[in-house]
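Here you go, one structure.
We just call them A, B, C and D in the order they show up, numbering each chain from 1.
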Amino acid sequence: MRIVMKNNVSESEWNNTLLFVQKLDARIISEKSKKTVTILPKANGEDLPEAEIAGLPGVERIIKTETPYQLVSREYKNEDTIITLGDINIGGDEPVIIAGPCAVENESQIIETARLVASHGIRLMRGGAFKPRTSPYSFSGLGEEGLRLLAKARAETGVLIVTEVLDAMDVPLVSEYADVLQVGSRNMQNYKLLREVGNSDKPVLLKRGMSANLTEFLMGAEYIMAEGNKQIILCERGIRTFVEYSRNTLDLNVVPAVKQVSHLPIIVDPSHGTGRRDLIEPMSMAALAAGADGLIIEVHPQPLESWSDPDQALYPEQFARLMRKINLYIEWQKEHADFAPAH
Amino acid sequence: MRIVMKNNVSESEWNNTLLFVQKLDARIISEKSKKTVTILPKANGEDLPEAEIAGLPGVERIIKTETPYQLVSREYKNEDTIITLGDINIGGDEPVIIAGPCAVENESQIIETARLVASHGIRLMRGGAFKPRTSPYSFSGLGEEGLRLLAKARAETGVLIVTEVLDAMDVPLVSEYADVLQVGSRNMQNYKLLREVGNSDKPVLLKRGMSANLTEFLMGAEYIMAEGNKQIILCERGIRTFVEYSRNTLDLNVVPAVKQVSHLPIIVDPSHGTGRRDLIEPMSMAALAAGADGLIIEVHPQPLESWSDPDQALYPEQFARLMRKINLYIEWQKEHADFAPAH
Amino acid sequence: MRIVMKNNVSESEWNNTLLFVQKLDARIISEKSKKTVTILPKANGEDLPEAEIAGLPGVERIIKTETPYQLVSREYKNEDTIITLGDINIGGDEPVIIAGPCAVENESQIIETARLVASHGIRLMRGGAFKPRTSPYSFSGLGEEGLRLLAKARAETGVLIVTEVLDAMDVPLVSEYADVLQVGSRNMQNYKLLREVGNSDKPVLLKRGMSANLTEFLMGAEYIMAEGNKQIILCERGIRTFVEYSRNTLDLNVVPAVKQVSHLPIIVDPSHGTGRRDLIEPMSMAALAAGADGLIIEVHPQPLESWSDPDQALYPEQFARLMRKINLYIEWQKEHADFAPAH
Amino acid sequence: MRIVMKNNVSESEWNNTLLFVQKLDARIISEKSKKTVTILPKANGEDLPEAEIAGLPGVERIIKTETPYQLVSREYKNEDTIITLGDINIGGDEPVIIAGPCAVENESQIIETARLVASHGIRLMRGGAFKPRTSPYSFSGLGEEGLRLLAKARAETGVLIVTEVLDAMDVPLVSEYADVLQVGSRNMQNYKLLREVGNSDKPVLLKRGMSANLTEFLMGAEYIMAEGNKQIILCERGIRTFVEYSRNTLDLNVVPAVKQVSHLPIIVDPSHGTGRRDLIEPMSMAALAAGADGLIIEVHPQPLESWSDPDQALYPEQFARLMRKINLYIEWQKEHADFAPAH
């Protein structure tokens, strides 16, 4: 429940309202500059004393959020959230492309890739130092050494770093090096990790779980936002269905569905979403046309020598073609801004 | 197995080859103008005498198709199939839009809709006279009367008619009126119906079953083509998954996946695919960007008064906006034809 | 809506009620012996004049069915439906086992199988003469010749015949030979076929579609029952999920779920449901424990020489062991009839 | 790869073999008493020098495991694993029932439940102190206080405690109180947690992820076993499908499928698996009939007052009836031990 105070609310009205709600045994977020006080749902499911609150002096109106997610909902906040990293805006008018290898393998590989993506005007590079692997015997990333190499690639090329954090314990370490903390599909309901990145000051890229419905996906984001971190980028990366021709089923329907109910930006990962190099170009274009705020794409200098997921990374020349196509499309989109989806 | 004869094959070599293969107890398709003879798989699964055939005089080479589908595969025929209806091409350079109501309700509704779609330059109208309904108590279409009204709408506006045929017995009747025969999702494995439309001279629009994988989808088309009808338009219309925010999960991945392995055109139905009016514009654009050869969209003069699926038909003004956007996009695509997907 | 007339309803009250409801433009089923009149939902979705009907002289009360399915619902009819074939009861206290090969292949195979199953006390044999096949090039059954062989096997051994009918046109032919008409998964929403078997006097075995939810499954049965045929046996045969270790996912949850809302018997097909010979014994036992009214199992004298689905038919010795186990279990169940599920 | 040494292997042959394999840069498990040395797959995917190893003096034969999972596979270890807790055996001849509330709520609730389950001869109680909740605003368990209450219930009644651990950091704390550590569905691929419980000396109950296929499920167990902990109980708890009548689709097929390829015991959770109180009895019986090594069932003194999942806990009288039925069934099973599944 969000309490909107009158524009001319007095100091004592504001304070009285706060005093009143603080007695409710619920979490409170007050934003004086916006003249709003938010009361989060109570753990025991009890109703809040709505009528009484509405009657407090200085209260203009009450906004009730009907969905289980509160802070991430469009009912709560109508304007699109834009995540700002230096002069990069995610969720603004122009889609943002994140690209890079599945995993950091060694210095020359990651520096070469950073140069490659930077040469296409890309400002954000992905690359895993901690890799969640189905098998305990598979390469699981270079760990901190990988983070150091990512930082080196940033220093040399200026690209900012998006990298995964696998466990709540690792958040401080990864935060030292990363510009954006990625929470992977397998961890979309790792609540300790969500709370921990919710207390970080870094933007968080939250990937949808393989069988997460929309409410569960947004509830993952709600966990982060309830801790105070408002910089969340959602990411569709394929769901699990019966389909056999793609490793996962990239579900673009979620893009406009999210836009209807949430103010958060959402990007799309066609690489993990399809697991097929030849589907990445068409599904990237489709994602942008569906209204995605960006893409996260795997590219590798020598895909077949990639230590993980060799079938889904683009070759540099494929990536170059895709980037030219994307740039042309973005230009076209700007020319026809009147056709942008209205929320 | 496809036998490609030498360019200078003699009459007697051609005849001898035919004589040889006709003894094989398998279905044979010979195309003298293309100098090819196709031997379809034997019902008992027996191998064909490949070496012997390759050694026949006049035989240049043998093309073996590794997939269970034969005639619809790109191995069998490399060039894209284009369906021609008057001067309309489906599967050519430019996507084709089919639009109209879910069902024919009465004369004024269908004529009004035909005028509406024609006013946007649309040449093909959809509209059901025979409607498959989950409930035996629901409106199941006007039947032959509906077909007559469709024909009347065509006569008045020039739009060609795409309409569903539900049963093998109805193929002759529906063929009298329709320009394209639609086989719906529930009938994708109704083999008697598939065989019957396979013997028709009308193009067939084959909708993917709700839980059909790629092989099953193409095998549906193979049934039709094995009977001789080569004019098949595939149609993705949403699959059944756990997802709750769309009635079905429109699976755009199937578009480039089909293009890799089949020469048939594929269009997309965002109306049934999502079941949500507000998702149709973004998913239409996404389908085109994914490489679809067209769209089939529901539009109704008064959607809320529609007798079936009132939540998914576009309002005329929404449809007008979408058509403007689509036309701009098609123009942009033509300007950048060098970026069209290569097969 | 079901109108229950008073026990002492007079002739004129009965007739007046009928006159009243026949003006409603809805389908009516009157059962004078039960003193009930059923009004089926109107195609245009209009409400029925409930209050007016309740006020008619002689009307005791009105039973409204909240689900979209009417006649098949437990609200409509509380007592379990029992299908009677001679002295065989399906849906009664004791589960019924149906067994036989996937397809009729030749006389010796089907007679040998009939003797095999009869030797285990089995009274109903399955066997396909018309086979729906994913590929147009696969063996699709012996057709009428297969039906004749089934009849011969019945004549020689006394087993009754369950066999599939694929198309509305074939219902008269198949009915000449079959004791139970099977409608397969692919046809669960072939409404013309459902209506046609609904007009037959043979019991119908209706298999669940691969992606049918409970409502759709029961609506398939409703189509049959709305035509007048009350002898319907539902059959769970596996749904399509992401799971890779069984060809389909046999969903036993549907058994008690059906029992809650419908009076129809439901049996289970572990052969198609799993597609794995080694899962058939455990899943057969599980199906009975879940409350299934019977099983339909594939058995073949020489499974590896079976013309279709060779991986799922039981060997005669496996089948013998399973039947001993089933018989012991049924005996145990009878001893503990107080633990039978109450509906 | 498992090296089986000759029965009369000499000390120096044993040592030489160890020396040889230790140079391979792979994980090694040597079990001198069993005369076996296991070499786990290398992270870089490199092949092991099989021929060379087979030629070492004292080596009898080499067992290669074809599946990605190694230690948990039946190829690796043929005999069923039995987990022993005092005189309770999980995975032995008799199924084991675990019962208790979803969450520990307060002292009287948990003591009352412990007495209730103990009165039915149950030796293991479930109950969550740390609860993973989709919403950050829901009750998430009493934490350490909950663990203390569980310990108190054990002290008063003798029931052993199965309780969930949500995060690697919490393993030491939960291990102080729990007899069996539960890893929940959402954490089936939380590899840090799996490794941590792999280093614990407590048995681990590993629940299948909602969209985990068989390989992924067993790979979760492999993570635990690769760390040294061999006491793993697998648990099926429902998968996510399109089905609407149960919260999840309890997939009993996985029980015999696991038994074919793994030596680990597997139990079934019909409470979370269906989310419907009325399905628990039939699906419990079905699970046992499918060969499950046990059940984990929710029961609550006053289900409707339960703080979480009130729709799925059994009432005490329902539970009493179910336990009587289960006990009768177990007795019957013992009488017919010759029908137990053979692996």
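What we mean here is this: contacts are C-beta pairs under 8 Å (C-beta built on N, C-alpha and C of every residue); 3 or more make two chains touch, one makes a residue touch a chain.
Small disclaimer: the values here were computed from a predicted structure and weren't measured.
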{"item": "Farthest chain relative to chain D (centres taken as mean CA coordinates)", "value": "B"}
{"item": "Chain pair with more C-beta contacts, B-C versus B-D", "value": "B-C"}
{"item": "Chain C and chain D: spacing of chain centres that average the CA atoms, whole Å", "value": "38"}
{"item": "Centroid distance [mean C-alpha coordinates] between chain D and chain B, Å", "value": "49"}
{"item": "Intercentroid distance (Cα basis), chain C paired with chain B, Å", "value": "34"}
{"item": "Interface hub residues of chain B, defined as touching at least two other chains", "value": "211, 215, 240-242"}
{"item": "In the complex, chain D residues that touch chain A", "value": "27, 40-45, 68, 70, 132-140, 166-169, 186-187, 189-192, 195, 210-211, 215-216, 219, 222-223, 226, 240, 307"}
{"item": "Chain D to chain C touching residues, read off their complex", "value": "211, 213-215, 239, 241-246, 249-257, 260, 274, 276, 278-279, 281-283, 285-291, 321, 324-325, 328-329, 332, 336, 339, 341"}
{"item": "Complex contact set, residues of chain C against chain A", "value": "240-242"}
